[in-house]
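In what follows, structures are represented as structure tokens.
There are two complexes below, and they share chain A, which is joined by chain B in the first and by chain C in the second.
Moving on, here comes the complex of A and B:
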């Protein structure tokens, strides 16, 4: 394998890994703070992708504007969903919460299928062509996605690690009751975590529409890999999720090249089973966090 | 939260009723009912069998499975491959159940020692993984699928499915009233406390999951015979796992009658939407599931039964009902 090819595959893996880390970041935020596995996460990705597609194809604006628009739209819809539905069941058993986010997911799937049909949607506007870095050809679109992923992931990390609200979120994730007794507002903390998480998902969907085609199930496909990342990284561990996202991105990139896309998926899922069997608390997760 | 059964006498009556309904449904082909009517009854039985299979594991224990569609698909493939290999019907059906149980052991062994969410994740990917692997295997026909070589009488899968649905419903009813059933519900209520009382949680969960997979595998097998041609993307579509879960959740989880109500409702909704808006079927089922979870969390059947009981009791307060009036 030539060194150029190696770098090419590396870059492809980083692009997928960057997007996966955004998806996983949202899932981890929501799971960490609310103890809810958001099965509807994929539909927020799809929402962002279609929002960007519509924006670009209807108004002719750059798809890069679609990223913040998708974020805002995702956060808004997330707020409504959180207040109207999720907040009603957060004190219920796990089964109920799973069923509620799952129900939201299939509601979304049906709506997208009804509204957009099974067509593959894409657009020509936005960055195009490619740039050559030391013999490695990188598409501008891929590079844009990579840069946006790093910027958004970095901003979220800063928010969680440095800002006051981030401190509150981390406290809630660590110990909900203790956080509440210290005066942290649990209800608004959960609301912020959910809005932020699904906002990031929608923004990721916007980026996905840039490098791929948009279908009613595009988010569903991405979120499955996102779940693998979250389990691999240890439920609720942000660092673990980021590391696992990059690892999965690279594994998929190299397997797709060496074998094919199906094998890339098969190996990804087998990694999930191996993790559950050998390290159920994930690669970097805390022991006991798997419960 | 969990209503403990107290009327043991209700079981034989319920079983007799279930057998009578099943017998009547199974006799429809010979009673001159239109083939459209028969198809509706068939699908209700198919959904009921899948729903009871899911109910047996996930409804009773609270461990949510998204893998029941995969078990059904594996059962369908196993029975068609076996029959095409000139096996007799009974061994072929047995092979379908065994294949589904083996698949459930893969998930169970990796994740049932863990708590709920790890199990759910392990099931979530199983369907996709099975589909991807089936497409790669040499003897499954790849992406093109498989066709059943022999022509079976149409009543055979029909009667099979109704018998299976009835048997699964009766099994859930009997389990619900047994000592084992109480232990399982204790696990669902508080696993740590139940384990402390000496209940072997992992063994019970694994046994239930295997039984549940066997029923789903047989349902898939009967449906494979009914459909006679298997396309991997149809056999392993997410819809089947959704049916398995939505039917008991909507009708009433951890009860025998709930999935019956759920299955009939589901077939009704599907038929209505087939005409009006086929794509919206997911949305409507999702909305129904959401409304049930938010407002009738025990499901429709227990909610209706509860309100009838309250009304009867309310009316009986001034003049107590005579003994044995039920």
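Moving on, here comes the complex of A and C:
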């Protein structure tokens, strides 16, 4: 294998890993703060994809504008869903919450299918062509996805680590009751986490629409891998999710080349299994978080 | 013995006459000219669900055919009545509806559904009940090669020949071209197409490499590295639309410019929406095109445009062709299921899709795909009987 090919596979893996990290980031935020496994996460990704498709096809605007628009739309929808649905069942048993998010997923799938039908939606607008760096080719669309992923991942980490609201979110993630007794507004904190998580999911959907086609199940197709990333990285660990996503992206890139994409999936899930056996709290998760 | 003579009063007579006339008016004759019982055909169509965008065109094809046939007095004086149920794009539902059409509605034969999976499921019911079915939009020949079907027949070009049109173009234009790559999905239809294409390409003297991906796959970057390393000059993608667009986009990003590039679903109009100017020079395959200049095709297109106000798609053409088959079968053999079945198994009538002919297993051998190429934003039939020039080589990606 030449050095050029090695770096080419590396770049390919980073692109996939970057997108996967955004998909997982929203899941991590929501689970970390609210202890909610959001089965409807895929539908929020799909929301962002369709929003960008409509923005491009109806207004002729660049799909790059679709990313912040999708984020804002996702955050707004997240706020409505959190207030109207999630907050109403927060104190109920975990199974109730799982069923509620599952029901949201089915409703979302149905609405998209009704609204857009089963045909693929796609657009040609956006960055085109590719750039060569020492023989390694990277398309402008893929580079855009990578840059947005890095920017949003970095911004989220900064927010959680440095901002006041981030401190509140970390406190809630550590111990909800203790955070409340310290004067942190639990309801507001959970609302922010959910809105942020959904907004990031929708932004991920917008980027997915840039490099692929959009269907009612597009989010579903990505969210399964997203759950693998979250578990591998450690439930509730943002850093763990980012690291796991990049690792999976690289594993899939190299394995697909050496064998094929079926083996890439097999090895990814074997890694997940091994991690659960040897390090149940994930790569960077906290012991006890898996309970 | 006293005989009682009963006479009807004028009022009673008039009442009786009025009742007879009213009963006749209430009888649902399709056309006032018909006195015979309708020929009932059944169809399970994806009126809702993921196939609905395409299946609606199948219904339009059936409706047009039925209207035309009934407008001319029906088949052997009997009007055609198509009973349609919604399978919701679900194969299991399609099978149940086939049973309903046969057992409850007593249809004479089944007009095929949209898609190979639903056709496959319905064939189980039609075989059990011994009712003929034409697989109107069923390109997957493995339906017929996997099991012995005696009552179902493929009414659509076989997916085995998905790459045929492109290979013919390579044969005609590709002087000096040596290396071909075929990308295929790990699904029966795509594997069968790949097998046929590899055999044919090798007979043409081409060096061929093949790469597969799992169903639903979207990441072709690693496969592209193999394609680049191989030095491929022509690439043919034999999968569904969504992976094909993903492969194309990633090929563009990789900066890999083949001399000729084909993906079997490229004829679909949404290709232009997805790729824009990068459709230029891309080949695809089509089961039918409105531009094919035969008298029958022109008449069909004109009739369709008059009824629906737009140019028909291949879905409607295939549906119309299925109707034409049944019309020919019933005219030849009467309203007899076994006779219709025998006709479909052995006859070779002409339809808007071309010459219908099936082999001993029921797979389509007569209908073939035509190659298309996107030129100037329009999909044009090229190669074969077409006189349209072929753009060669494919322009570099933009």
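One rule holds for everything that comes next: the second predicted complex is superposed on the first by the 291 of 291 C-alpha atoms of A that agree within 3 Å, B and C clash if a C-alpha of one lies under 4 Å from a C-alpha of the other, contacts with A are read in each partner's own complex, and residues count from 1 in each chain.
Everything below uses one rule, namely that contacts are C-beta pairs under 8 Å (C-beta built on N, C-alpha and C of every residue); 3 or more make two chains touch, one makes a residue touch a chain.
Quick caveat: nothing in here was measured; it's all calculated off a predicted structure.
In the superposed pair of complexes, A:215 makes contact with chain C only, with no contact to chain B.
In the superposition on chain A, A:120 makes contact with chain C only, not with chain B. Contacts of A:265 after superposition on the shared chain: both chain B and chain C are touched. In the superposition on chain A, contact is made by A:8 with chain C only, not with chain B. Legend: residue contacts after superposition of the two complexes on their common chain; A:16 is shown touching chain C, with no touch to chain B. Shared-chain residue A:135: touches no atom of chain B or chain C. In the superposition on chain A, A:253 contacts chain C only, with no contact to chain B. Chain A residues in contact with chain B (one complex) as well as with chain C (other complex) are 113, 117, 262, 265. Put simply, chain B touches chain A in their complex at residues 58, 62, 64, 106, 109-111, 114-118, 120-122, 124-125, 128-129, 132-133, 135-136, 242, 245, 249, 277, 279-287, 289-290, 293-294, 297. Within the complex, the chain A residues that touch chain B are 37, 85, 88-89, 92-96, 98-100, 102-111, 113-114, 117, 224, 227-228, 231, 235, 262, 265-266, 269-270, 272-273, 276-277, 280, 290-291. Chain A contributes residues 5, 8-9, 12, 15-16, 57, 113, 117-125, 128-130, 132, 137-142, 211-213, 215-216, 221, 252-253, 256-257, 260-262, 265 to its touches with chain C in the complex. Residue ranges on chain C touching chain A, taken from their complex, read 49-54, 89, 186, 211-214, 216-219, 221-223, 225-226, 229, 241-242, 245-246, 249-250, 252-255, 270, 272-278, 397-398.
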